[in-house]
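In the two assemblies presented below, chain A is common to both, partnered first by chain B and then by chain C.
On to the complex of A and B.
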């Protein structure tokens, strides 16, 4: 016991959670990686990866998945950045409205929101009626089953995860810094890009990493918005397990997706530390 | 204020207003569609009707799916609250190496591809011959709910003034009594908000559950997607409206007790 005390009694309180996550999260993921590297009992074998990377069909899906995730991240960053500033400056009712608009969709869940978008994108849906009413389109535009629709719906669904981390850093921004920059002769634009943007970067990186990692592995949104016609990595993984029974390919693709996610997590937290941000 | 600043401010307000409409619009549309008399999603509805709410009782397996999802969400959240709180106390109060790593590890499932975690669990359960769908769903959903608890409790514990516990002990309470009467009430708001969000995340999960369900144990999101494929009528909008109302209740409870601003952290 004395030896344990010297380590730190509090350490033991982490044990239940660590054992739980170890057994039901880390070990299964490690097994999955192992499985992706073995074929018919031989280890290591790269047959699963050869099957994946040797086929243009699969490579196209990987490329589409990454492209969609990047577009989703970019689009949500573009609208989230100014929104975070407005939210930080807003008071009273306006602040409540914006906060509700952020938190309510988070509480509603992906399935409901994706279903809502599938109604909006229908050819007889509200968006098409608006486009035709405004004279922008003469006939219904095909929206469902397009990549644009996927990007818009996903950006909508993940947007709060981009706004909130940026809001957290903007809120702590000292307004006197901008005044100080102005006093020292900086133009507003110069002050914005040299003072405000660098200070909010930790929030931007945290939000972008979060949105990207969710967008790269999303499953419900593409299966309802674009369907089987243009698959993503996650859809292909589900298919290879649930229908094709090709677990070799499935585990290799899972491993690829896992490596992307881990790289984003580790890369973004290292970047945030370098930028001087705290835990988000 | 210069012209550039004014323009920038106006533009940001326009973006923010659009964002509010963009975020709440889909939810409003869902609620409106659920009250339509038509069997297709025409907007605005030709006539108002409650027929899709009446048809809820005829949806086979819906009640079972709701009940299963509620059970799994409640039990996995309860388990996560215990595991997450003890782990967060260890990280905040402990003075041992690797505390940050423990925090990152416990929160990491939030950023992992859910589908991959589901596949990994499916293979692991199969490898040890474990086939009980109900139990595997609970075990898996703790991985979903735990990050919410750990993240919120870490922040709450860092704000908590631990000298209060020493003060309570000076006033004659034993250490367990002090923890129970001083620390636990202090953490109550954190338990509430993290518990609510963990519960909702479990209720909504699809990518992990899809690999662990069987014919008799289907959670609500899985059932909803199945209905959508089989018969995409506005009954689904009625179910969704129910879930939106649930989210509104959660939000009201949360903002009453801790305030909206604290909920987003």
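On to the complex of A and C.
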């Protein structure tokens, strides 16, 4: 009885957040979903979805968006995983420096960071000057407006969201477990794949979910790095609202993107629960 | 050559020398304890033997093989960690099988060996359970099973009982000792708990400040501590300081603030010495000519069940401890009583006084 009453008492603390999210987030979202399912006053209607899935142009963009998001997630994981270990094992000033280096760029803003990358990638940019100065390339290599540039820039910008959840798990990892594995005859490689990887997987899944859901819906970064040449879902949504004035197509695509993001979040939290099941 | 031979090992962390030119040898099938206060270097020594820490100087050899260039995973030395370090993502059975899988033992043989060792520690019923659901005692059994199943040349145990409550601890100590003895296992325990060391070991190495003070069987360690540190660290004792006034045919007379005491030892006149005596050697009443005798005031009577401790204070303030068999009401002594205490001169231990 007391336990139930206690939960009730604390539940009131969630009221501001519930009101805030309910009025300013859930209601517009419901309106958006409603709009995606109505054509010229008739409800329900799947014309918007039919329009999207009936056009290869749209499907190509969806596929490209998913591919870029996966590549961004993969690249940032590759860079973040070892970084998280360095961060977790570092002490004192070194750890503070790495943490600040991780968190400070978040305060700079996506637009500024993306512009910085576009300056690097330009044909007369720093990277090309270096390549030509070193004699690796004879003429400027086209980097800006390519998918590779997009993946590199986005992975860099989202990196903290991959490092921090992995770091949180690595910090909890008892170094004795790796020692125990070694004394039981496990080579460092065996210990890594049988002990370290399974125990840090919840952090990897959380970080991947963060980065993937941000990468799948990113708008500013592809706009500035690849422009109209190679669109992503978010750019297409903006286009259908702002230029095509096709609110139904825009809201349908928004709903599709939302479903993907929700599936990733639910799927990953289910995965974390299963992975973490044995270790309460 | 001994089964485990540690020679001249030195380990420094920064400017601090943690293990200071230590020699140590364990015979095959022996159960040995490294006993000492925290910071004495015992855990560092254990970690060096396991290959988890590299020695700065000296050599470690196991079964005739020099270990300096052998990594942990090829030493065939198992460790039971203080925290047990069970793999939280694996079941009991998978934890125990870990070492066999790492060594590439085929699945069917591994399964049979895991079952055997789980039966040995009476954990078959929990084989498929999660290790995180087990009690401390059960976790310890799994940790021991996991370490034994790979048939190590040497088993190292780092404070293996410290996480268990007192009653369970004693049961587990006896159980583990007979299990290791039955298997002919060579094992080194690290502990700061003298009762644990006395219970589980054939021999005890008392460690202090990175060195071994004394390495002998539990009986000798208690009866004849080699150093003042060993006297203080193992068991209870009464300690009195004084100056040698007379030395004659292997016998010294020492002037303490409490009175004149005699002991069998060789010290030159004028040396400052520390005298020690075990509390159960001290008896109430006037002794004979071969006894040391002191007049004291009883300050406290502490009933400990089957034994009773008397705390006494001599004229100048030296405190003495006397242990009597039997319950408190069997001794007719009360706080404030003036009594005469005596003990055999041959039971008086003598050490050079430090400072």
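Some points to look at:
Simple rule for what comes next: the second predicted complex is superposed on the first by the 267 of 280 C-alpha atoms of A that agree within 3 Å, B and C clash if a C-alpha of one lies under 4 Å from a C-alpha of the other, contacts with A are read in each partner's own complex, and residues count from 1 in each chain.
One rule holds in what follows: a contact is a pair of C-beta atoms (placed from the backbone, for glycine too) under 8 Å apart; a residue touches a chain by one contact, two chains touch by 3 or more.
Everything numeric in this text was worked out from a predicted model, so none of it was measured.
When both complexes are overlaid on chain A, the residue A:70 reaches neither chain B nor chain C. In the superposition on chain A, contact of A:87 is made with chain B only, not with chain C. Within the superposed three-chain model, A:105 lies in touch with chain B and out of touch with chain C [touch as defined at top]. Of the two partner chains, chain C is the only one that A:186 touches; chain B does not reach it. One of chain B and chain C touches more residues of chain A, and that partner is B. Once the two complexes are laid over each other on the shared chain, residue contacts for A:21 go to chain B alone; chain C is not touched.
Judged by the touch definition given at the top, the superposed model places A:174 against chain C, while chain B stays out of reach. Once chain A of one complex is fitted onto chain A of the other, the partner contacts of A:209 are limited to chain B, with no touch recorded for chain C. In the superposition on chain A, contact of A:195 is made with chain C only, not with chain B. Put simply, chain A uses residues 187-188, 279 to touch chain B in one complex and chain C in the other. Those residues of chain B whose C-beta lies close enough to touch chain A in the complex are 2, 4-5, 8, 11-13, 15-16, 18-20, 22-27, 29-30, 33, 40-43, 82-84, 86-87, 89-91, 93-96, 100, 102-106, 108-117, 119-124, 127, 139-140, 142-143, 146, 150, 154, 196-197, 200, 203-204, 206-207, 210-211, 221, 224-225, 228, 236-237, 240, 243-244, 247-248, 250-251, 260-261, 263-265.
Residues 50-52, 71-79, 81, 83, 85-91, 98-99, 101-103, 130-132, 146-147, 150 of chain C are the ones touching chain A in the complex.
Listed in rising order, the residues of chain A touching chain B in the complex are 7-8, 10-14, 16-18, 20-21, 24-29, 31-32, 35, 79-80, 82-83, 85-87, 90, 95-113, 115-120, 122, 124-126, 129, 156, 159-160, 163-164, 167-168, 187-189, 192, 209-210, 213-214, 216-217, 219-220, 223-224, 234, 237-238, 241-242, 247, 250-251, 254, 257-258, 261, 264-265, 269, 279. Touching chain C in their complex are the following residues of chain A: 174, 176-177, 179-188, 190-191, 194-195, 198-199, 275, 278-280.
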